[in-house]
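Below, each structure is written out as structure tokens.
Two complexes come next, and they have one chain in common, subunit A, joined by subunit B in the first and subunit C in the second.
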Partner chain A sequence: MLALQILIDGFAISSLYALGATGFTLIFGVSGVLNLSHGAIMVVAAVIAWWVAGTFGAGAYLGALAGVAAALACAFFTYSVIVRPIQNSGAIPKEEKEIFVLTGTLLWGIMLQEAVAYLFTDNPKTVRPLVDGVVMILGVRTPWNEILTAALSWGAIGLLYLLVNRTRTGKSLLAASMNPRGLTLLGFEMSNIYVLVWAIYGILAGIAGVLLGAFLGVSSANAGTLTASAFSIVVLGGLGSVSGSLIAAYVVGYLETMTAYLVSPSIRTVPVLLLLVLVVYLRPQGLLGRR
Partner chain B sequence: MRITHKIGIASAAFGLAFAAPAARAADPIKIGVIAETSAISGVGIPNAAKMAAEEINAKGGVNGRMIEIVDYDDHSSAADAVRAFQRAAQQDKVAAVIASYISEVVLALEPWAGRLKMPLITPGAASNEITKRVHDDYDHMKYVFHGYLASTQLSDVVCEAGKALMVNDLKMKTAVIMSEDAAWTIPLDEEYVKCLPASGLKVLDHIRLSPDTTDFTPIFNKIEGEKPDVIVTGISHVGVQPTVQWQQQQVPMPMYGIASQATNATFWKDTNGAADGVIFNMVAAPDVAVTAKTIPFAKAYKEKYGSLPGYAAYQSYDEVFMWAEAIRKAGGTDPDKMVEAMEKTDYVGTIGRIEFLPKDNTFAHGMKIGEGYITGLMVQWQNGNPVTIWPANVATGKMVFPAFTKLPQ
Partner chain C sequence: MIRSRTFQLAVPALIVMALLPLGVDGYILGLLTLAYYYAVFAMSWDLLFGFAGEVNFGPSFLIGIGAYTAALLNHYWLWPIPACLVAGAFAAVIAGAVLAVPALRLTGPYFGLVTLVAVLLLQNMIVLFAGITGGEIGLDLPDVLSIDDNTNYYYALVFMTVSGAILFGLAQSPVGLILQASGQNATEAAALGFNVAKHKLAAFCISAFFSGLAGAMLIFYMGTASVGTVVDIAVGVNVIIAAVLGGRRTIIGAALGAIFLIGAGEILRPLGQLATFVVSAVALVVILFFPGGFMGRILQSGGRE
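Entry: the complex of A and B
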């Protein structure tokens, strides 16, 4: 019974982690950017979804759509106003650009977080779930919303897989992550590819934010933790490896759930952090890292 | 031309030098408000204080001087609050401070109130430690007043109401305590463990959760496995998330106790209505005439700010009046005289009749609790509205629970 409960709850939360981390790792893989405003963008998506659904009586679906659109807008803004100017700048030495991007996105994330706290308070908001009610799975009472969260997460990841492996545009993304120079020589415009990858990122982060808001609830104060969680998953899985991130998301999700059930909910994240320290010591390239 | 100009300046300076003291007498009296303005329970503190100041000023102020509220955001951080407090005392020259609903913040400010001789009152923090320090070190800490119930007193209200509501009305026998790990819940839980059994509720388990918890599924599953009749809460930093997850997972036992976030009017909207059936404690509610001032205040607040006041707002509103009264009686803003005057407070505010306990009491400078003073209410979210359900003589409705709640037969 307890094992089944852990299995079900762990699956839902892990799927959500996987979705959140996929976009994060994709951006790194393709453009080498570690976007530290990731958590804040997820928070914006959730809060806008809550706001549109509640204040304008737009309903759960329109609200969710607005949330994803807000994340998309944030992602574009992050790229065009923060990341691209740094990458194109002649004044910043090449080897320092990564640090500038890190700092820039970190500060931008804090700005977003403070803006949300200022406009909507830092109290958690919960997005109205798309479906209500519960279902018994082998004796475990499971909210439909939890099942939907897992299904939608995997749906989005599945679509991404198809896009990357089956379409020409998607294949150019994959190529960009392997050899950007080669791609440029073949006549691809790198900046178009970057815009595309940020668009995909925005949509993924938006969906993850809205689902998280409906599943657990989100507050502006969570932005840092969400970034840290995506970061841990990506480091554990191997920087830039999407399949590594997926596996790592499940390792983290289940480790957390087991700790919460078997030890204590108040130290939920501690074993994951210990694991992360171990990985950095013993296998710095992560589970499926390429380096 | 040149000469007249110079004379002009000289006479202006001369005029200023003599006019200044006269102007100073009419300078406003500043009251500092340090609160968590982006937190749901905190934002009502400056809002309500400003309302009180406007009302006092409309009637001519205090000793001919207007009251001015200077507000500071502490971002729920003790360090920010201390900086704000120092600034309020040394730079902005406030006469008194109203601060915070977070015990950790108030406990950090307390020694500074002593050092800077700055009168301080909290409208919403609950830790017993606040008044204990006044009791233990009166000479240094006498500047601190506790304008809200201490944790132990909160537990006692919950237990007393629990005897009537849970044990007598609903025939409940067992409970699990679920509280967040924070300074204010340490004495709260200690008292729960003692007073719940005395009220007829056997405590099956006592769960303390991290205030950073976002996923409450494991906690609710654990509680459900222990099959209590009711979950007795002690939560303030968390609130929206456990409530929503309680409803989504259809946890079959009611949540009853202290839930500060639930006291705010926006709680219904923040939880998308998942709050339905949640029972929480307040000292004043918008639907109950605790005193003649309660309902008019709640109405005026809603008119001005668009939503009903959270729990700390009532106290904050009263506290501005009490400081004003103390300044009036003290004939000025000398801190020692203000403390002396404040100790003699006998004021009927929105939350009841307020008197402060003497320095030899364990809750020195805490409020007098009981019949005729501050009593406390239990309120339940029903269909979008907070409805007072206890005590019986002021109740405006009966308990109603969502369909998934299973009450003992």
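Entry: the complex of A and C
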């Protein structure tokens, strides 16, 4: 009974983690950027969805759409105002661009977080779920919303898979992650590819944020934790490896759920952190990463 | 010479700072005292990042280890303050050496993550063992440095000046140059016959020493050690922002950035919740448009980068 509960809850949480981390690792794989405003963008999506659905009475679907749109806008802003100027700047030495992008996105994340806290307070907000009701799965009461969360996460990841592997545009993304210079020589405009990848990222982060808001509820104070968990999952799976991130998301999701149910919710994240240290020491490239 | 120019700027500034208690009230002195300790945090971070090229996301790991070691010794065994400070600094050095081990094997984001995880683990441990460490509420200390604002201010000022001079001198010395070389291209530095591992380890230990000592001094100034003041990620973020804002690879700039950051936070206090937003926005603008930071700007206007 408890095992089944862990299995179901863990699956839903892990699917969400997987979705959140996919966008994060995609950006890193294609453009080498670690976006530390990731968590804040997810929070913005959730809070906008909550606001539009609740205050305006626009309904859960329109709210979710508004949330994803907000995340998309934030992602574009992150790219065009912070990441691109730093990457193109002549005043910053090449080997220091990484720390500037990290610091810049970190500051931008703090700004988003503070803006949300100011406009909407930092109380936790639960987005109205898209579907109501519960269903019994082998005796475990499971909200439909939890099933929908897992299904939508996997749906989005599946669509991304099709996009990257089956379409011409998607293949150019894959190529960009392998050899940007080769792609430029073939006549592809790298800036178009970057815009595309940030757009995909914005949508994925938006969906993840809205689903998280409906599933667990989100407060602006969660932004840092969300970024840290995406970062950990991505490193655990191997930077830039999408399949690695998916596996790592399940490892992290189940480890956290098991700790929360079997030991104590207060040390939920500790085993994950220890595992992370261990992996980084023994296998720095992560589970499926290339060196 | 960059050195003489920095001195030309630093000496008058220090004289003004030393005379401040004559004309400024206790509240502002208290604020500056805090800022000076932050300045030491930021300068130690700059030694690691600017010179050794290691992005340490967890300066508050070293600070926290130093602070809590001192706090526990003082709280439970009533060690005198100087002994606690020494113990805190050395505990931080050991923590720095532990942190340096992955740094010698990992690069870039991997090392960054390890340092971040180190802070999260430390924070979790402190909260988990709240019975001993005081947890979120904090651990009160039987001893404080002084109850007099002026004395506290001078302790902090002297501490900052001495630490800054040592760190700056080190950065300008041949050792600093070797560190800089190994930060920019470790393979080439090693090929030139320098022991990169040894120098980086030394940089970590020195950075940790000053971070830990400053952390321990800070809690004896405040009279209590808590997660929010010395361990939280936000503390580390502030240290990093201060160092980048002031101008990386200048050491003195980091101190300038820290004083600016604490000052700006106070001036903007009437804005309430928006204060953090505005400070972050200002820092972002500086990073985007003046990547050299304050100090880079000042030194550049003098004709030198």
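The working rule: the second predicted complex is superposed on the first by the 291 of 291 C-alpha atoms of A that agree within 3 Å, B and C clash if a C-alpha of one lies under 4 Å from a C-alpha of the other, contacts with A are read in each partner's own complex, and residues count from 1 in each chain.
Note that in this section a residue touches a chain if its C-beta (ideal position, glycine included) is under 8 Å from a C-beta of that chain, and two chains touch if they have at least 3 such contacts.
Please read all numbers here as calculations on a predicted model, not as lab measurements.
Applying the stated clash criterion after superposition on subunit A shows that subunit B and subunit C can sit side by side. When the shared chain is aligned, subunit C comes close enough to touch A:276, but subunit B does not. By the touch criterion stated above, A:149 is placed in contact with neither subunit B nor subunit C. Applying the stated contact rule after C-alpha superposition, one finds that A:232 touches subunit C and leaves subunit B untouched. After overlaying the two complexes on the shared chain, residue contacts for A:266 are found with subunit B and with subunit C alike. Using the contact criterion defined above for the overlaid structures, shared-chain residue A:118 touches subunit B and also reaches subunit C.
When the shared chain is aligned, subunit B comes close enough to touch A:141, but subunit C does not.
Look at A:31: by the touch rule set out above, it reaches neither subunit B nor subunit C. In the superposition on chain A, A:126 makes contact with subunit B only, while subunit C stays out of contact range. For the three-chain overlay built from the shared chain A, the minimum Cα spacing from subunit B to subunit C equals 5 Å.
On subunit A, the surface touched by subunit B in one complex and the surface touched by subunit C in the other have residues 117-118, 266-267 in common. Residues 38-40, 43, 76, 181, 208-210, 212-219, 221-222, 239-241, 244-245, 248-250, 261, 264, 266, 269-272, 274 of subunit B are the ones that touch subunit A when the two sit in their complex. If you check the complex, the residues on subunit A that touch subunit B are 5, 9, 13, 54, 117-118, 121-129, 134, 141, 143, 145-146, 216-217, 219-220, 222, 225, 256-257, 260-261, 265-268. Contact residues of subunit C toward subunit A in the complex are 49, 53, 55, 102, 105-106, 108-110, 112-114, 116-118, 120-121, 124, 127-128, 184, 233, 237, 240-241, 244, 248, 273-274, 276-277, 280-281, 283-284, 287-288, 291-292.
Those residues of subunit A that touch subunit C in the complex are listed here as 34, 82, 85-86, 89, 91-92, 95-96, 98-100, 102-104, 106-108, 110-111, 114-115, 117-118, 224, 228, 231-232, 235, 239, 266-267, 269-270, 273-274, 276-277, 280-281, 284.
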